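Taking it in order: structure first as structure tokens, then the write-up.
So that you can tell them apart, the chains are marked A, B, C and D in the order they are listed, and the count of residues begins at 1 in each.
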Amino acid sequence: MEKRLPREKLIEMYRKMLRIRHFEDRIYRLFLSGTMPGTIHLSQGQEAIAVGVCANLSKDDIITGTHRSHGEALAKGVSMKSLMAELFARSNGCCKGKGGSMHVGDIDVGMLPAIAIVGGGIPVATGIALAFKMKRLDRVAVSFFGDGASNEGAFHEAINMGAIWDLPVIYVCENNLYGASTHVSKVMKLKDIANRAFSYGIPGVVVDGNDVVAVYEVARKAIDRARKGEGPTLIECKTYHIGGHSRSDPRQYRDKEEEKRWLAKDPIPRMKKKLIATNILSSEKSENIEAAIEKEIDEAIKFAQSSPSPKPEDALRDVFA
Amino acid sequence: MEKRLPREKLIEMYRKMLRIRHFEDRIYRLFLSGTMPGTIHLSQGQEAIAVGVCANLSKDDIITGTHRSHGEALAKGVSMKSLMAELFARSNGCCKGKGGSMHVGDIDVGMLPAIAIVGGGIPVATGIALAFKMKRLDRVAVSFFGDGASNEGAFHEAINMGAIWDLPVIYVCENNLYGASTHVSKVMKLKDIANRAFSYGIPGVVVDGNDVVAVYEVARKAIDRARKGEGPTLIECKTYHIGGHSRSDPRQYRDKEEEKRWLAKDPIPRMKKKLIATNILSSEKSENIEAAIEKEIDEAIKFAQSSPSPKPEDALRDVFA
Amino acid sequence: MYLLKVKENKLRNLTVAEALREAIREEMRRDESVFCIGEDIGIKGGWGGAFTVTLGLSEEFGHERILDTPISELGIAGIAVGAALAGMRPIADVEYGDFIFLAMDQLINNAAKLRYMSAGKLKVPMVMRIPVGASGRGAQHAQSLESYFVHVPGLKVVCPSNAYDAKGLLKTAIRDDNPVMFFEHKLLYGAKGRREGIDARGEVPEEEYLLPFGVAEIKREGEDVTVVATLRMVYAALSAAEELEKRGISVEVIDPRTLTPLDLETILKSVHKTNRLIIVHEDNLTGGWGAELATRVTSEAFDWLDVPVTRIAAPDTPVPFAPIMENYFVPNSEDIVRTAASVLGKS
Amino acid sequence: MYLLKVKENKLRNLTVAEALREAIREEMRRDESVFCIGEDIGIKGGWGGAFTVTLGLSEEFGHERILDTPISELGIAGIAVGAALAGMRPIADVEYGDFIFLAMDQLINNAAKLRYMSAGKLKVPMVMRIPVGASGRGAQHAQSLESYFVHVPGLKVVCPSNAYDAKGLLKTAIRDDNPVMFFEHKLLYGAKGRREGIDARGEVPEEEYLLPFGVAEIKREGEDVTVVATLRMVYAALSAAEELEKRGISVEVIDPRTLTPLDLETILKSVHKTNRLIIVHEDNLTGGWGAELATRVTSEAFDWLDVPVTRIAAPDTPVPFAPIMENYFVPNSEDIVRTAASVLGKS
């Protein structure tokens, strides 16, 4: 498959995954050191999904995220500086400090403030797609959500509505095997969430969520289909979140064998290995990429930390238009 | 199939359907004449479902109904007098006039006051089944609901939970092709709602909802299965409501061909014909049955109309236990 | 644009349902981004929603803009939020207000907050039409719900009591850039069903007009006591005022028309004159919007009030089915007459 | 059974989370029909719910009675209603209160109404545990929600502010035959996370005790002004009282502990003495329960009040993320000090 994609695209997807990884590694440390307020949910291990899907989108397409959306935000084009400033609760954060880690987003690049009510973004993305269709715009909406979200009523109602109206919306389920501490096998009997698509009469596809090219390809097809007016697709990306649910999660509820198996599938080393094996990436180039990312992160942190805080009374603004 | 069932059972099921039909025919007239307050949703044409399912249940099993549950109430054993008195808003109605047509029920015979929020009874029935399981009781809960209800989030969440815990609950979808004025084909892409069972890893069965024996058999299997601890079944009964949605519905949204096709399948004449053809029912016996039903209805109306109204201040009672 | 007084326009007598329909039709003609979404609103041969408001509109605007949905209230609300965010102006509805509880998450966590969470980058111009009030259908088709929404920052709350207000306020709601909860009382639609309805018809000009939010209407001037009421209760207040006049008590009746924003000024001015305030709503007493209004008025007009602000509201029970109990449950003009007399020491 | 004063019992210092856990454990041992249902509450190696309250309970009671669910709030609430109707006593929870909006239909249309609709034949003995309050997590994990439920006939509303009350009230809630909404403030659990929490620990006797609903506690006696506060605001009120004492102002602080039923009597008695009332809640101002209390007190104590009842509450906005804004949003002791001084004409 990789062969069909230009080298630059492959390297770019690799770089974008790595950028998310380093970004999250760093904020995790900032968070643990107490420098960063609030709570965080990291997506290490799931970067291939955000990157593979968003590589098919333009700024005008709109995505909805969840409590775990730093990766989607970076992949969709939210500037790292404004993202970092948001996490630091600064007034030039992407939500001016009103959002925080669970609500990152910037409509200027096509991402709503992430919706942290599990499943809550699915109807909203469906409504966005409805607007696109009514306005005859060649745009798609993408809703990212987890395995756990697929047990919410919102999932059922919204996908059914997206389906009956053939809306240009893609439902991307990041099945990382857990909703918080709860293993997916405890809370649903079917093996592939993608098969829930059947209830709505739309295609459901399972893809290796740790293979960015596979995700890219599957998303591309679904998005093409949606743009052609043929309606939504439910894509289930099988993946794993390396760091667990949130903050400093000791992950004692996880089976160690399972963890090991999945860590071996980490999408980033996997992609790197492939790129090197196919001579697309040299180790020099690889180091340059890492260095550039580190530099960008340093700068973003510097930017954020030197940014002003909102004024207390700013709390009163932005309620009504 | 019929052969396996004793003649008395067959006649009894026929009688019960007829009783519901005559009851509803009569209250419809009372309603139109302005004698009866409120609004009504009739189930003419769907009697085979209530009767076929409830014929498998004992008083200790519990059902939840909907806005359209006179039939279920009679089938489950709510006394016709108390039902009639409820519709007449009298103080000896099954809900003492607090419920009305959309909330008929009597827990003493195993029926909750019907829940008129579409889909709202499905989680409640599931919870009742959970209680039965936890208490190790050999009882089942049955939730009746419409095709329209299967698009509600409540359907999705509750059936999934019933499934993962193997609860003794039967989900009976009465697919009468319409949710209010909306044809089922406009609001879902899949043909058989029973197939939504797949999303939850439980069996889904389609049955001719206008054939009381077929309903009886399918329900029996599902209920046996549930009692054995093997979990829920989703039963979709294909049917049609002769009189349309509510009150005096001109039914202009219905296709005349469709109507004709379905009226020909009316479960009551159909059963009668079979019973007569197989010599189970004589026309004399048939007339006796009708006469007895008419008498029962007359008495129920007399009872209701001569019953006292609640006192206005009774409105203040029964809020807290 | 706002037309507060009707002058030389041609007037027609419309029901509330007709007035609402006209508002929707005009706004849909004016602005392509306006559309309706809800259950049974546009089905051919259907009813135009539970209360005929959208009847016939799908013939003019097609089924894409009068969009029939599955029975999925959370979905409807969430889709309206999304469509609004992406530049449309949805008018969503629930058939009976009681079903709105299924959509609360989308309305409160998303519609009301997304602008704030985005620090002002987004707007959510949607209208949610919510029929309320007891009408002989039992506990799950009867509630008054305004008070829940008055408590939600980021939502506007509108309660028209007659055809003229209904049209003018709905047009304003549709053009508003914020989520507007638009409450309609079932007995005021003017549908011709049995046992239904008060005559809330009214003169509606042919010329286009809009009514601003936050402007109360003094329905009747008076000197002795102020009665603030909304929706169906406006009629109870007006007939109580007539009765009280016979007894020599002069009542000022005010319909705030919108609860968020609230025209406190007009109410305070009236209380300054009458020194007595009675608030009437069909919503349950405890925690109802009457408490908020009473508290604000008391806080601003403490020294003018001769007696504490009195509330008349439905008791703290679900809505009973039997008409005899329902009538007892819903406040009526006799309750107001009695209370007014007692407030004036004349009972 | 109710143990209002602790006498010679052995006392332990427990956090609110520990006290709640103990209440659940005792009731589950006592009564087989009591069980817990919620997300992540019993998973082996997990956290015992979002705030550790059920930690370790599945080891004693097994996974059938500490029942982990899918992420399905409507389902959880509806199943709790059904189980309660069929003779169980579920303790359901949502991880953060904000998610309760997904379950509103089941709570308001079913839990609160089924007894009424059945004319008293049914009862719905369930507890819904609802963590509330701002704690640095942004708009969708922060709301205070008590006021919505105070408005629902048929629901009881409980708001414990410390470990002793939390245990005694939860036990009463579990034994109550009605649906009880049990609000817990996130910053009071006493979890040891960073930047978290006020010390709401307290002496909890070893001997079993229950606290009755509808009995307020006078947390501190005073003469000049009464402050009524719940949950986290009790601490703000107490520290304001200390500060005000230094300025010669004597404050009576009352924690109603339950909002439905409400101990109006204790509050009225206090106002009779102080002639001034300040109500403090973290819930948004407009339409908050403070308005109801203010209206009731004003109506009963109109002649004793020297100044109108004053409310201190969160402003009418969603909850902002940035700590600097969140701190501004949440009422604090300085707000109370300032208001009390002004109410007494000493500002």
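We adopt the following convention: contacts are C-beta pairs under 8 Å (C-beta built on N, C-alpha and C of every residue); 3 or more make two chains touch, one makes a residue touch a chain.
Note that the coordinates shown come from a computational prediction; the quantities given were computed from them, not determined experimentally.
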item: Set of chains adjacent to subunit B and to subunit C; value: A, D
item: Where subunit C and subunit D overlap in contact partners, by chain label; value: A, B
item: Chain located farthest away, centre of subunit D as origin (C-alpha); value: B
item: Whole-Å gap separating subunit B and subunit D, where each centre is the average of the chain's CA atoms; value: 41
item: Interchain centroid distance [CA atoms averaged], subunit A/subunit B, Å; value: 46
item: Whole-Å gap between the CA centroids of subunit A and subunit D; value: 36
item: For subunit A, residues contacting two or more additional chains; value: 95, 97-99, 103, 115, 117, 120, 151-154, 157, 160, 164, 186-188, 319
item: Per-residue overlap in subunit C, given as positions that touch at least 2 other chains; value: 69-70, 72, 74-75, 98-99, 102, 105, 109, 116-117, 138-140, 153-154, 315-318, 320
item: Chain contact graph, described as a line, ring, star, complete graph or other shape; value: complete
item: Complex interface listing, subunit A residues touching subunit B; value: 151-157, 160, 163-164, 186-190, 195-196, 198-202
item: Touching residues on subunit C, where the partner in the complex is subunit D; value: 74, 98-99, 101-102, 104-105, 107-109, 112-113, 116-117, 138-140, 147-148, 150-154, 260, 284, 286-292, 294-295, 298-299, 302, 307-311, 315-318, 320
item: Interface residues, subunit C side, partner subunit B - complex; value: 39-40, 43-47, 68-75, 95, 98-99, 102, 136-141, 194-195, 315-318, 320-329
item: Residue ranges of subunit D touching subunit B (in the complex, touch as defined); value: 33, 35, 64-65, 67, 69-70, 72, 74-75, 77-88, 90, 105-106, 109-110, 114-123, 125, 153-154, 156, 177-178
item: Subunit B residues touching subunit C - in the complex, by the definition given at the top; value: 34, 37-39, 89-90, 95, 97-103, 115-120, 148-149, 151-154, 179-182, 186-188, 251-254, 309-316, 319
